[in-house]
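Shown below is the structure under consideration.
First chain written, first letter: the chains are A, B, C, D, E and F, and each begins at residue 1.
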Amino acid sequence: MKKVTFLILGFILGLSILSFAQDPGGAETLAANPQAPIDYVWVLICGFLVFFMQAGFAMVEAGFCRAKNATNLMAKNTIDFVVASLVFMAVGFALMMGNDYYGLIGTTGWFLHGDNYDVGRYLMFFWQLVFAGTAATIVSGAVAERLKFKAYFLYSLVVSAIIYPIYGHWVWGGGWLSKLPFGLGHVDFAGSGVVHTIGGFVGLAGALVLGPRFSKFGKDGKPRAIPGHSITLAALGTFILWFGWFGFNPGSTFSGHQLRIAVIAVNTNLAAAAGAAVAILLVFLKTKKWDVGMMLNGCLAGLVAVTAPCAWIEAWAAVVIGGVAGLLVVLGVYFWEARGVDDPVGAVSVHGLNGVWGLISVGLFADGTYGLGTTAGPLVKGLFYGGGYGQLISQAIGAAVCVFWAFGLGFIAFKLMDRYFGIRVAPEEELKGLDIPEHGTPAYPNFYTTNQN
Amino acid sequence: MKKVTFLILGFILGLSILSFAQDPGGAETLAANPQAPIDYVWVLICGFLVFFMQAGFAMVEAGFCRAKNATNLMAKNTIDFVVASLVFMAVGFALMMGNDYYGLIGTTGWFLHGDNYDVGRYLMFFWQLVFAGTAATIVSGAVAERLKFKAYFLYSLVVSAIIYPIYGHWVWGGGWLSKLPFGLGHVDFAGSGVVHTIGGFVGLAGALVLGPRFSKFGKDGKPRAIPGHSITLAALGTFILWFGWFGFNPGSTFSGHQLRIAVIAVNTNLAAAAGAAVAILLVFLKTKKWDVGMMLNGCLAGLVAVTAPCAWIEAWAAVVIGGVAGLLVVLGVYFWEARGVDDPVGAVSVHGLNGVWGLISVGLFADGTYGLGTTAGPLVKGLFYGGGYGQLISQAIGAAVCVFWAFGLGFIAFKLMDRYFGIRVAPEEELKGLDIPEHGTPAYPNFYTTNQN
Amino acid sequence: MKKVTFLILGFILGLSILSFAQDPGGAETLAANPQAPIDYVWVLICGFLVFFMQAGFAMVEAGFCRAKNATNLMAKNTIDFVVASLVFMAVGFALMMGNDYYGLIGTTGWFLHGDNYDVGRYLMFFWQLVFAGTAATIVSGAVAERLKFKAYFLYSLVVSAIIYPIYGHWVWGGGWLSKLPFGLGHVDFAGSGVVHTIGGFVGLAGALVLGPRFSKFGKDGKPRAIPGHSITLAALGTFILWFGWFGFNPGSTFSGHQLRIAVIAVNTNLAAAAGAAVAILLVFLKTKKWDVGMMLNGCLAGLVAVTAPCAWIEAWAAVVIGGVAGLLVVLGVYFWEARGVDDPVGAVSVHGLNGVWGLISVGLFADGTYGLGTTAGPLVKGLFYGGGYGQLISQAIGAAVCVFWAFGLGFIAFKLMDRYFGIRVAPEEELKGLDIPEHGTPAYPNFYTTNQN
Amino acid sequence: MKKIEAVIRVEKLEDMLGVLEELGCCPGMMITHIEGHGRQKGIVEQFRGREYKVNFLPKVKIEIIVKDFEVDKIVKAIAKTARTGEIGDGKIFISSIENAMRIRTGEQGDIAI
Amino acid sequence: MKKIEAVIRVEKLEDMLGVLEELGCCPGMMITHIEGHGRQKGIVEQFRGREYKVNFLPKVKIEIIVKDFEVDKIVKAIAKTARTGEIGDGKIFISSIENAMRIRTGEQGDIAI
Amino acid sequence: MKKIEAVIRVEKLEDMLGVLEELGCCPGMMITHIEGHGRQKGIVEQFRGREYKVNFLPKVKIEIIVKDFEVDKIVKAIAKTARTGEIGDGKIFISSIENAMRIRTGEQGDIAI
């Protein structure tokens, strides 16, 4: 009998958000589903938190880079969301969430026009937009301190108009990846892949096309540290991101009726903690110093990794997944540097590597207590819980596609721009810092700054 | 039939929040309206976000001013909310939301006493308070770097005891402006006028009475730039304000049952983006540099402008309104400077000008899909949607009254104080910065600061 | 009849959160109580705000300490929450909220395992965890600028595994203090005692064991000021804490159905304002300067004090309680310094003293309009409202126990560590600042820093 | 060649530049933000309710290397511009420089200035 | 007149001031926060897991212009106060100043110091 | 003993250190971040839409006290490393130092350097 009750609830709920196109006032939607308000309130507030992550990224990246590029980082971290907002409204949302065309792209809802002038559609748009903005802003860290603002401006267009929404459609818009015949198809609860792997690997492409910053590698080719200008800002940014992630993951139920949100919040937090703990301890073993920067990276790595599985695992698994993420981010940072890749804030390791790990982990740790936004339907089960290899395969395929798609298109985009107008600032501009040549505005004119390179 | 259903819902809802005075525990209110919790939760959380805007203003203003006045700005941005909290509780709330007296002022609820010890009244008080605090704090930017702390302290009293609540009563407390015989009377959904125009023009009055900062205008009378000490803080503050605005606008439904909140959130965001985009592009055309400071101003301008219309327009209109706001803020900044007015952070252009623009825009873009906190009642329709000139006229009248009221009383208040004890710090104090003479505390004692003027 | 209605509501509500162990998906819980979502949403979002307070503490402490220790403070303020998350999950939660054993400790729920894999339990865990994290992080301020990171790491273990959860059990876990035969037993609505008094007095123990910082007391033994390196960060942190407190206090209803949350929010805000106002005015009378640092302390003092009584008092009482807190924090700061105790950020006065004051104030100002998370049950009444001395006695006992427990165990913990490996850094490390010797990372490598001691 | 080394009030720096530019004969200068200690009393600051004395005041040090015959003119100009009559105006010190080189061109001696 | 130019450890600055004040004969001084490079090894710092060497150590430079006969006394005092015996204690350099002027009064020569 | 005082471009500092170390004969140095004003035009910056001219450019001042006979070699090395040929390369000034003392040991004269 209980089953029935909540099936009905789930059903009404389902309706409430999807049906009733063309209800701009919201009254009909409410009448049809008096339960809708709690869902709207939950989704919106979580969306606000996700938006706030923009501030977190800005602070982390600024903190991890030098004072002479702080203005430039603020400019980029703002413009990407500005561009994403406008472009995603114009075309991105339609491509991602419009009516499916052969599992490849969405095709309706351009400019939020016509039928889309509806409270339910606007709600979904808002949610998808803040996610698109997050994917876009991740890249700024990997290409920091040398990419022209103009190039970043254009890149923002490409990522929020094409790269993000199309892949997003494949996973969340009813596209082909979500229909893979293994397990329940490729699943990515809150976007380890859709958001973070995409951002991380587009970032890798950018870093490769740009090449390392001047003085990042010594004449001997050995990587050198280029300390950021404010650990305080980096830590503040990490706290803001951690805070925002509580909107990012639990909010991805897209419904306040899924009490599973409590489990998701706990898992999100535990993974962050485990990632931070492992990262700082690892570096301590190596250098005998308590490395704050790496701890912050580890914390974010844990959050990225748990983003895909957070709804389908229990607490202990979150700790394990986060711990592994902490390990991966440390190895990742050394790995890329050893290969001559210069990623000033560690975005590729934090978001790229751990995004992939997050997707895979679903196929391993999903415990079969929860399904696709419901406990009714089929449940997600991973290898360790007797779910066999099915889900794992779907996850692997999705992850591989994600990496290729993001890196491929990212590489093409940056290469093309480089061909046309050169995406890297002039050497002397890089030495002086981008703030004055690009923006005319030093970030800290009242302060005496030193060690400019 | 549907209509009926939501009419009833709307009705119950209406009750829930207004009726049942003297229910300090909230049990009766809940019993009478089991739907109330969602509204309380929504309003409170949005109110928390609005409160957080205080931090945003503090960071933006500090970032846009010099290091030698940072302590003073922190002091002012804190004290205004402190004073507002106490004064608004004592008299402001009664004047604004008490029983109407001939459409002029409210007359009941002093000190939240007697009947007002009620969950519904306290909820309304909290909401109105955070708005009053916002209006108060806007001014600190326009009078920055030269106004005595003592004068600011007293000004805070005046604005939160008289200027804000009385005008607020006229628009939101059932006063005469809300009853204008054109359109639906003067409407201001979330306070482009009540909060921002008021703040902006009181700020203008202050800036005029004070006169420009030393060295703001060269011997040739030409305006000179006085760069702020931290673009990072300015950007952080802008993100915090943008984040808080998601409480400010959607929360103004004062109900989670108005699913229109989804539309409001989207509009709010689009206007911010459009304002930022237009502002940075405009300045780029002029100086060939990507001006971050102006982009941040443009973003805030868009938010201010969309505050009044956000509930009555659709996405494309939000983009247009925000874009115009971006244009206005750039022109405004140059306009005031050209007239010898020194507004260190651009508060007059951002909040004053665009507050007016926001009010007017309602009369143009309101699309008739939503009314006064309900889809049932009469709907707000502007010129472009065949609503005729009625609404536009009401908006224009309200805007004019707002400007005169704010500027007039603001001017009188600052002039009087100046007469009695002089509101401007001594020249040498201004040169050294206000932090030490006024507060004894330099903001950054561990750092070597330069270009002190 | 009304009474009945809400009794039933209250009842269902009660169930919803506690019963139905082993419902990891949440569907059964929802079916049993369709009203649950609003409670889950409310509790989680408030919990997110409480988490965000971590950022606030980090910024306040960094701002009030010197640049040369900023990295160390970021490290400590992060690691304590990291450790708390893992340890509280492993043992703390079980000790605090597990099945009661003779009113002394909880005994079930280790590692959130077995029956605890349930949405209701996870929800409760999340809530209690963010509180544990707050208690833990308070201490970092009192021991700042001289405690080894390693010692802080271990201390975090102890506080979140033992000190906090056991005392927490006595008050919130059904332990003996909550069953005291006076009044309704010892009550502490949101944790003036459980969180702040604990944190403050463990901090005092740490400060005593460590001894004062080099140069805090002149050769004449007179206390000397050691200015913090950023008033801007200190103010930002205070705003963040104030913001987070709106989750801390109102969220402690653990239910969105308690419309009393509106009253709690208002009281919380008024106490903060009153505390700030009194503190800044007091110091002004003494030094004729507007002391921002003390105003920020006063604001936090008001928040701490109102934390225990916030749900049981009306607005005017909140103002009085906050005002007294402002007075206490000023006196406290001078008192401890006069006794040779060096508390760099004033944590002992803000959290310790005012935590006690908050507990006591319940016994004085509780007005009998609200009970223990319900208006049904027995109501909390203090001396001034004819409740007699009963409640006051319970509060006094609880406060005394809290102080002894926190100070005692804190002292033992720090002494033991000191015995084994010495908890204070070497003198030259302290002079140079902890950032480089402990972490290898200066917080602001691009800036020229001065007055290093 | 002589080095003119002047310690002045921070707020005088901007005027000083203007004056020296007009004077024409100032080939270049080095500005250093220093902390000075002299007759001028330190100021009292306060932090969280406790006052403390700061003995070092922010000052600006200007160094100009000039040809011998230009010294007087410049010193006079600096003194005139920097004077307020209050304690803390600062001082000017003259010392001799044996040689100078313009890195860009390698020129040495007076022409290098 | 001579200029005494001393490079010392940052943490010695406060004591130094006290000592010189007691000594009485210190008319004033200029303090500059510099970065020094000498025998003392640079320190190893790290950022996000990677270590790097910093070759410049923060030092404080004190400049005092005094009458010739006071030089020894002051140099001794400075040396005594600044010495720890560890590498990095710093150095003291003496050079001659040709003239001085007190801006406030226009006085020149020894009395200007 | 002579003091070599060189004003160079900020971005040249790191190379400079390397060169001098190789050269071996550099006993130590003092680095000061200064603001310079010379022939080089100031740069135009902007803030909130309004442009303004900055007349002071960040420069680095290097001071090295060396034995007389080492002066030339070091000056040459510095000039060579600092030169870009663009205006703003900076200058080198030589003055004489009368005595030096190594605080740690109390040694005086040339051996103290």
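Here are a few things to note about the model shown:
Simple rule for what comes next: a contact is a pair of C-beta atoms (placed from the backbone, for glycine too) under 8 Å apart; a residue touches a chain by one contact, two chains touch by 3 or more.
Note that the structure is predicted; figures quoted are calculated from it, not measured.
The set of chains in contact with chain B as well as chain E comprises A, C, D, F.
Note on connectivity: the fewest chain-to-chain touch steps from chain B to chain D number 1.
A separation of 53 Å divides the Cα centre of chain A from that of chain E. One simple way to say how far apart two chains are is to compare their mean CA positions; for chain A and chain C this gives 32 Å.
Residue positions of chain F touching 2 or more other chains: 32-33, 35, 45-47, 51, 56, 95-96.
The set of chain B residues that touch two or more partner chains comprises 38, 41, 45, 227-228, 230, 287, 289, 291, 293, 439-442, 444-445, 447-452. Chains touching one another, given as pairs, are A-B, A-C, A-E, A-F, B-C, B-D, B-F, C-D, C-E, D-E, D-F, E-F.
Across the complex, chain E meets chain A through its residues 35, 45-52, 56. Across the interface of their complex, chain F is touched by residues 2, 6-8, 32, 34-39, 55-56, 59, 61, 75, 78-79, 82-96 of chain E. Interface residues of chain F, counted against chain E in their complex, comprise 1, 3, 17, 27-32, 65, 95-104, 106, 112-113. Of all residues in chain B, those touching chain A in their complex are 2-3, 5-6, 9-10, 35, 38, 41-42, 45, 49, 66-68, 227-232, 234-236, 238-240, 242-243, 246-247, 250, 256-263, 265-266, 269-270, 272-274, 276-277, 280, 287, 289-293, 295-296, 299, 314-316, 319, 369-370, 374-376, 444, 447-452. Within the complex, the chain D residues that touch chain B are 10-11, 14, 33, 43-47, 51, 58.
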